[in-house]
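Read the structure below first, then the notes.
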Amino acid sequence: MNRRHFLLAPGAAALAAALCVAAPSASHAQAESQPIHVGEINSYTGLPAFTIPYRQGWQLAVEEVNAAGGLLGGRKLEVVSRDDAGKPDDAVRVAQELLSNEKVELLAGTYFSHVGLAVADFAARNKLPFVAAEPLTDAITWTKGNRYTFRLRPSTYMQAAMLVEEAAKLPAKRWATVAPNYEYGQSAVQWFRQLLSEKRPDVEFVAEQWPAQGKLEAGPTVQALAAAKPDAIFNVTFGADLAKFVREGEGRGLFRNRTVVSLLTGEPEYLDPMKDEAPEGWIVTGYPQEQIDTPEHKAFREAYVKRFNEPPRQGSVVGYATFKAIAAAVEKAGSTDAEKVVDALSGLDLSSPFGPITFRALDHQATMGAYVGKTTVKNGQGVMTGWRYADGADYLPSDEAVRKMRPE
Amino acid sequence: MSFYLVQFLSGLATAATLFLVSSGLTIVFGVTRIVNFAHGSFYMLGAYLGWTLVERWGGTPLGFWGAVAAASLAVGLLGALMEVGLLRRLYRSPELFQLLATFGVVLVMQDAASWIWGSEDLLGRRAPGLRGSVDILDQPFPLYDLVLIGLGPLVLGLLWLLFNRTRWGTLVRAATQDRDMASALGVDPARLFTGVLFLGSALAGLGGALQVPREAVNLHMDMAIVVEAFVVVVVGGMGSLTGAFVASLLIGQLQAFGILVFPQITLVLVFLFMAVVLVIRPYGLLGRAEDAPPTAASPGPPLIAAAGMARWVPALLLALLAAVPLVAGDYALIVLTEVVILALLAASLHLLIGLGGLVSFGHAAYFGLGAYGAALLVKHLAAPMPLALAAAPLLAGLGALAAGWFCVRRSGLYFAMLTLAFAQIVWSVTFQWYGFTGGDNGILGVWPPDWAAGKAAYYWLTLALAGGALLLLRRAAFAPFGYTLRAGRDSALRAESVGINVRRHQWLSFALAGSAAGLAGGLYAFAKGSVFPTLMAVPVSVDALVMVLMGGIQTLSGPVVGAALFHLLETEAMSRTDWWRLVLGAVILVLVLAFPKGVAGFVRDLWTRGRES
Amino acid sequence: MSRRLAVENLQRAFGGVQAVRGVSFALDAGEVLALIGPNGAGKTTCFNLLNGQLRPDAGTVRLDGVDIVGLPPRRVWRMGVGRTFQITATFASMTVRENVQMVLLSVHRRLFGLWTPAAAGFRDEAMALLERVGMGAQAERPCGVLAYGDLKRVELAMALAGDPKILLMDEPTAGMAPGERQELMALTSSLVRERGLAVLFTEHDMDVVFGHATRIIVLDRGQLIAEGSPDAVRADPRVQAVYLGGAA
């Protein structure tokens, strides 16, 4: 499944090594019984905490597809997976390797937005379908969208819009924002401000903090936010920065009598490591995996727990749904021809653990949603409570606005 | 008012951690002159060990502080082990070789930590008895941070006592000022170095373990701290503990108050500060000229222009490389294209390091400027590729000319850190200027036109352009330009007294190296189809440095061999295993121990020995 | 004889220590002038003030009538002042011949060539200079492995390559065997005759000083205390006091 191609013996001298790389790898003639190769690229060493649940998710999907007899009348789905080291230029090289040497029919994966964009551009150039699994940037389906690229997860815009709906109901008028200092943080804050101001012209934004990703100076940042005396805070930090922010914020009373609205914080990837120190009462987007009891989710969860002996995380669902979508698209296209697969993916309907989703023909964005609720601590563990499923389809701009943004 | 006081205290708490880590670094550097990249890894290891021990014993104050101390000592022992097992074998190598060795340690430790503690962030217990906060003028302030604030001066005081009131400390100070004198005093330098590595690493480990109650321990802690620790060391003045203390305080305050004025300045603040300090003060705040190390690269044996059969090796290699597309597939060609480009990048850096004795930590800036120069022309002016490729070395050269003017006025690690500061400034501007550079989402669609779009065509184009540039660099090394550069490195005193303007020559070399790197960057942009700020980030500078050192700095073929070896190794390891950093790190360590003069240096020695016998 | 160098009232302090105070002297073409004095008298400081390495606090240094105070060493060198150092400074990564060629390239302002190999430039001139100082046989050896005395001779060849009018030699024979010392100074004297050079040198070996200097000036604690022919200086009671009392 995780087939790796051994090209050369270690320690070979430079030229010898180069020539070895040059040796063409075994060809994959396209016989009917040949497996369908999908190239998968993600930041396995850069962000293992997020990408390993994701990998398990797609492994489960692929196993299910193959156990059910494969695709196109018996062809197995075979994934060639590679690390991108978290760097776009490495990802492009790996994509080329997958295309040239492994003869993959599709590409999938990526976590970081810039890596996703680089692979999307590569896919368009090489006319290869690409299902971007995790990158959140709006650009990948809008301003830098292309015919061959599809994205599964709800984008920054969608997630911000889901939270704005809740934020607008709050009495809070004075808002402060804290977000990592890069495109994801910037656009999350920008959309949040714009959408909230549209719904609530009476709010004002009184402070903003832009810590460098991974280097949040928690004390000074918390203090600076508190000094602005906001009624509520919009948080976009995540991971280690979030944990630091929460600890320092609790210690300095930042969250006392203030509502915090926070992007992604309800996902197990972020909530679990905080254990009993998970924030109380934050309004978040996330994935309350232990509580969702729709039939499709229960089936997924049971299969996942049985296979990996641990509960799924957000990434698991993304990995699973990405490869289920690929399988569905190939089946719908009736072939692995790139153009046909792209056409099949446009407007593809499928059932995901979160319920039915559609890859919109308009902008190739999937309508997969997220769960919006409040955080609380139960049995020494952060969980979501009072949540609801926010269907992605309801949190997208008008078709006309989207068409304007897309270059085609 | 109370707000500013609390903000000030927050800055002090930041400063305390910074000081603990950088004091260790400055002590190690002062005595051993080793640029210890692994220092950040020791910090991370301290945090992980601290987490494990605090989870076990941390229920009581005694248990907690015992756990912190134990973690610190354990990390110290590991540092001593690194000295005995690795660095000690390299004291006779060119000084920079030890830097390469510590980089290998960084890679190994990243994967080791991931293997032992798993990939998830670990949020540890809080310090018992110090969970709450106290009100300072009605503003709550965490108790634990108050303890940290006190710990900084306490450690400074203890170190002062150690260095001024004990025999060992006196010897270390003597060795800091004059290594030869120390050995003349009958001190065994090896034992002294082991002790110093122990102390320095233990301080890093202490800094790490103390973070357990403040933040989630994670696998990115090493890189996050090590660059900043170097900044503190250099701003304070190398080898100066008080300097490190003052610099930590200033940087802590700068971060506390800087974000109030410019919330978006977080990416570049410390580097801006360092650049300003170094431009004004050549040896940092409290450093003295005599403590500054000599230029890092010691003069090697004379360059030997290949004679006889060997003269045809480059031409033969070029012919062979040009023939590769006849047998190779697309992927092999793009990997080889990258190797050729990186060889040019490494060779351009080698011009500075190998010939000029100028170790740059920021060479990626010019690679990136070249890539962006090309990409911006394509994006904003729809320029054709030849024009964009011509602009790449030009923009990079201009950037190098501007930064170089400041940098060549400093030497040794001060020079290196100033190049890093400029690189980080360029990086952050590129990263944040969304309207012009596309910010961190980069610029897409920088593909070659149809005539060069084939993998073979682009490979040949790269081979021609980069090969030509490599040839020019090689000619320049043997031409008066390269001789003059080496003259300035060998003896600036003598060079100046025979009419050579050393600084101006270094400046021009910096620009030449920058534009060569820029050409490499331009070629890289079209090879990848997109450019991102990652191209000018620290890891690319470090990779280039590693390539040069792996090949060996004393030969002109070194960087080319190093680039090929490093890149092929990395791509192969990456496509085979998720533990590729471990593999790469282990290979680097083996290479360093087996070939202390670099691979090309080793081959040359074999060759020379063969001819002599 | 023409006046080459005129030094007036040279002053230089380091911190609070007055290293050179009010030194004045002159140097004519064809002279071999020795600057002597006990350790720490300020001899090397004087040299550094003359060739631009240090800037004097006060005073003038005229070279052929032109004030050169404030010029960097490389400019002073271009005006005809060659120098050898107390601790030899050569280009260790180059061969002996290349060291001299390097200077010749600088003389001819050919430092920026990117294409033609440096080793091809001024080869014969470099060899001629090396033959002159007796280093012809070692021309192809790396400078980094030479014996100390040989390095001193390489330095002399490098200084001569600039075709100087004045040669400043800071302890030119330090580290040499006695025979070698006399040989080197004899060579220096003959160069002075051949080329009409003016030489200023410092030296601890009194045999060398009194055997080869045409005139001597004596420095003590930054001040000139005596000046004259070797015989006159030898007889000067102040000089005797300094040397006997200073026990240098």
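To keep things simple, chains are lettered A, B and C as they appear, and every chain counts its residues starting from 1.
Just so it is clear, contacts are C-beta pairs under 8 Å (C-beta built on N, C-alpha and C of every residue); 3 or more make two chains touch, one makes a residue touch a chain.
Nothing here was measured: the structure is a model prediction, and the numbers come from that model.
S.K.: What chains, if any, are shared contacts of subunit A and subunit B?
M.R.: The common neighbours do not exist; no chain touches both.
S.K.: Of the other chains, whose C-alpha centre is the longest way from the centre of subunit C?
M.R.: With centres defined by C-alpha atoms, farthest from subunit C sits A.
S.K.: Please tell me the distance, in whole Å, between the geometric centres of subunit A and subunit B computed from their C-alpha atoms.
M.R.: Result: the chain centres lie 32 Å from each other.
S.K.: Measure off the straight-line distance from the CA centroid of subunit B to the CA centroid of subunit C, and report it in whole Å.
M.R.: 42
S.K.: Calculate how many whole Å lie between the centre of subunit A and the centre of subunit C, each centre taken as the average of the chain's C-alpha atoms.
M.R.: Here subunit A and subunit C have centroids separated by 73 Å.
S.K.: Per the contact definition, I'd like the list of subunit A residues that touch subunit B in the complex.
M.R.: Residues 4-8, 10, 14-15, 17-19, 21-25, 44-45, 48-49, 52, 82-83, 85, 87-90, 92-94, 96-97, 99-101, 113-114, 117-118, 120-122, 125, 137, 139, 144, 181-183, 186, 208-212, 214-215, 217-221, 223-224, 227, 239-240, 243-244, 247-248, 251-253, 272-275, 277.
S.K.: Using the touch definition up top, name the residues of subunit B that touch subunit C in the complex.
M.R.: Subunit B residues touching subunit C: 299-303, 305, 472, 475-476, 478-484, 486-487, 489-491, 493-501, 505, 508.
S.K.: Under the definition above, what is the set of subunit B residues touching subunit A in their complex?
M.R.: 3, 6-7, 10-11, 13-14, 111, 114, 119-123, 126, 132-133, 139-142, 144-145, 214-216, 218-220, 224, 255-257, 259-260, 263-264, 266-267, 317, 320-321, 324, 327-336, 338-339, 431-432, 434, 439-442, 444-445, 447, 524, 528-530, 532, 534-535, 539, 561, 564-565, 568-569, 571-572, 574-578, 580-581, 587
S.K.: Can you list the residues on subunit C that touch subunit B in the complex?
M.R.: Touching subunit B from subunit C are residues 51, 53, 72-74, 77-78, 83, 85, 89-95, 98, 101-103, 105-107, 110-119, 121, 142, 144, 158, 161-162.
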